[in-house]
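Shared chain: chain A. Partners: chain B in the first complex, chain C in the second.
Up next is the complex of A and B:
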């Protein structure tokens, strides 16, 4: 009776109320910031005295802001491509391989998700300083890739798990070579997993803050780093505009991934 | 003799076969080894060698009251955040199990959106919302609940509000995953047998949901221990947590020895809790 809606009695209204409050709590920042980004007041007064596009204009014209957006885009594309290239063969091994220490290998590939990011960040910071990589695109890509790779492997791996290997074998029985079977039968079937992995790799890189702060120099920053640096001096409304851009990207990519899931069904 | 050679040969070919099987994973393995394992290992060594060889760094971290305060603070925040997320997450998960799937999907969409929104953006939003002139204080004053702004940010209150917000999805999902596998008939049977709702809750629903609750709590607690951005922006100077200490020691004071020792205390605590949990409960697959 406690898990059946009709029989739960008035207690269910308590659940409704708490969930409603939680949904409001979860949505508040995501809705509030885009509204605030059109606020005419320099001091983010609330309610806003007027509306303006000035902060977006500043975001898209000021060299430092627009430059950081481009850096973020470049890094995210490079991370996505590298994550898929590394994760695809690794996922095949983890799902289909029969070897000693498979559980250990699985755990190893997931380990960057367990270690606190700040530790990975300072460790890489030490390396970057030593090898003169600080403030290079390369350093950003390498660091973001560490976090993106596990997601890509898990995403592709779970897709591969549900794919029946018999299809691949029957293609080979019908005369396809191993490579042909992989390219024309298996890969198209696990495409949703690959795309989902790519989307999340992109989003992880695009959103990464902690690693990026340690890899950045004043001359090369990604958008979250630029927000972080600006935040430390003031609460300029340009940050609200930049934040809205980041929120927009999350909404877009999650929307695409939801669409893919639906068409898959 | 011949048998031994044969056995060795099959063992060698078996090893070779396993090696070939592993080959496609090699690029990813090498990458993670060079970019992740090696730097972390070097950092670990530095905690024993800089500025002098020995355990000096660890000694000052566990004896100096400034650093001990940071450690106590870290545990306090992680505990508070775990409790507050659990109190919110349990009813949400319950709600998600009993409502029609159409409604549940909408709530899930909100949870996922919040989870995948930039961490810095969410923290910044709370900074703006909670400041003295922010919307929340304006609202409280408009309602007449307070005449002067309540200090909600640059203190522990701000850190806990912000971190609870960020951690909430990580505990709702495992609790929901466990609760959704329960059979409603079980509770119906108890009810028919004469059990009161209270009894059914405490004797059936709560114990059966416990694996999800513990998995979620451990996840939130451990993740909170290592958080940097949110406490740094929403907390005051006195509310420093260990991840901030690591970052500041290294980036601001260039004290690599002490900074890396603090990092390894954090890593050790994190891994110890994970392994203790896995030993006790077994590996729970994240959903």
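Up next is the complex of A and C:
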């Protein structure tokens, strides 16, 4: 290797410093917010004058907070399930299909990643009002699904792309019907892609706020919306506790996926 | 061992034989009739007909793109013929889906299911046929013993070597006792030593189980080693079918002569025909004789073929040799231990290779640039017409 750390001499300490700054910058909110959530002060004060679990107690006892946590969980699970159910056949078509306009369709499925979220939000809001869906669980699910679907399709599609179709052929010549080959050979082989897609879908829905604000009503809010609304009226450290919950869930899921990857090897 | 693993019904296939009538024991298991596969203007397989006898190991030999794999894929059901019929036991199966053909197949690429153990892989064909679990376990043990990997049942395919993986793939293809086993260059990814080892294994299993096998390869040595008969493919057509010896000694055309073994080709034209022999005038002016196997008119340009080991080298002054003789200079001289190979350039600039084995009496080696006579008997000559 031309550029190894040893050969760079003292210049490498500059690299170390830049890396350290980048890590610190990325970690700051993840570390700072949980610290503040144990803050004994009534204000988001730093450094905290003392420690308490009061804000978590409030988070898990106040009906509005609990309700919003529960809504977030419900929406995220429904989004995950629907994203996988829709992404699986879509990925098969996009990877296996041979038809005119396949590339265009591929790009189209990725469009929600490019179109500004606020535009999707406005469009969905218009629809939701017209059909009287605003503030329903269904509205949350279909709006988050728009954002989650491209990620699910891409991760399932890429694992299907690397799956050698000869496995399916040999399953069929062994006597397996198409359905048996799919269930016993193809799906288990692309499971990492399905799991990754599901995690993406869950996490996207779990911390999504823009679409949720448009779809929310005072009686039906997700956790990020509740944080946002609370933030505008008072700066209680309960917000830090709720945010820590969001961060904790995301870190937990990423940890699980890393664990699954490791045990597979 | 033979009695417990033989195909005499001890391992029933586990599939309903469906509409198959009382199984006729005709000599031919598979008959391919006028089979074609066109991709647009390209004829991948062009009007191929052949019969595979019951219990036979037939190889499809040919260069890549000659249509052998496409033909195999149509037999397996992965490709649909443009025209023609594929009959197994006198029934046309060309529209039957692969899973209902009761054919086994081993692929070139390793296709063991990576998320299953060896035993699960081998038991897979029985699992999809809904055979009871204890029975699957018993038959898996038996077939793993057949390929001598009985202690590997709990391993993952990734923990096996390439050769072991292909043996497991073979076991998976054999466990349901298919009426026909297809092998598509199964040893292509293995090194030479391992390849020869598994070739022996395949021969042993073929004899032990009496299973009918079609084996696709581009490796002529592999074809010679394994086959009862060889079908040589060229440009989507069958160039010749026959036992190895037949193809080597009696090639039907220049392609077979060149593809199977080493050959010399000299150009010339027919001078006269008499007494079942042609007189052929070669490019360098010399005249040789050849058996008249084909009816050819005088002046017909021909390609004259003979094998390097059928010719001998002599001093130009010696006259005791065979009927046919050309003179030239040695341009290449390769010592191979048990033999030496010489390349001789004739007056017309054509090259002739002579393989001289070092038997008990032959010990002489020739030197470079020596003027030399190449002599060979007339009955070892094959002539093929060249289109004018």
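Simple rule for what comes next: the second predicted complex is superposed on the first by the 261 of 265 C-alpha atoms of A that agree within 3 Å, B and C clash if a C-alpha of one lies under 4 Å from a C-alpha of the other, contacts with A are read in each partner's own complex, and residues count from 1 in each chain.
The rule we apply is simple: a contact is a pair of C-beta atoms (placed from the backbone, for glycine too) under 8 Å apart; a residue touches a chain by one contact, two chains touch by 3 or more.
Quantities reported herein were computed from a predicted structural model and do not represent experimental measurements.
Chemist: Looking at the overlay, what does A:180 touch: chain B (first), chain C (second), both, or neither?
Modeler: So A:180 only meets chain C here.
Chemist: Can A:109 be said to touch chain B (first), chain C (second), both, or neither?
Modeler: So A:109 only meets chain B here.
Chemist: Going by the contact rule set out at the top, does A:171 touch chain B (first), chain C (second), both, or neither?
Modeler: In the superposition, A:171 contacts chain C only.
Chemist: Contacts for A:224 in the overlay, against chain B (first) and chain C (second): which applies, first, second, both or neither?
Modeler: A:224 sits against chain B, while chain C stays out of touch.
Chemist: Looking at the overlay, does A:9 come into contact with chain B only (first), chain C only (second), both, or neither?
Modeler: First partner only, chain B.
Chemist: In the overlay, answer first, second, both or neither for which of chain B and chain C A:193 touches.
Modeler: So A:193 meets neither chain B nor chain C here.
Chemist: Give the list of chain A residues in touch with chain B in this complex.
Modeler: 1-5, 7-9, 11-12, 14-16, 18-19, 22-23, 25-30, 32-33, 36, 43-47, 85-87, 89-90, 92-94, 97-100, 105, 108-109, 111-112, 114-127, 142-143, 145-146, 149, 153, 203, 207, 209-210, 214, 224, 227-228, 231, 235, 239-240, 243, 246-247, 250-251, 253-254, 258
Chemist: Inside the complex, what are the residues of chain A that reach chain C?
Modeler: 164, 166-167, 169-178, 180, 184-185, 188-189, 191
Chemist: Applying the document's contact rule, which stretches of chain C touch chain A when the two form their complex?
Modeler: Within the complex, chain C touches chain A at residues 15, 76-78, 97-99, 101-105, 107, 109, 111, 113-115, 124-125, 127-129, 169, 172-173, 176.
Chemist: Note which residues of chain B are touching chain A in the complex, please.
Modeler: For this pair, the touching residues of chain B are 18, 21-25, 27-29, 31-32, 35-36, 38-40, 42-43, 46, 88, 91-92, 94-100, 107, 109-114, 116-122, 124-129, 131, 133-135, 138, 165, 168, 179, 182, 184, 187-188, 191, 197, 200-201, 204-205, 225-229, 233, 243, 246-247, 250-251, 256, 259-260, 263-264, 266-267, 270-271, 274.
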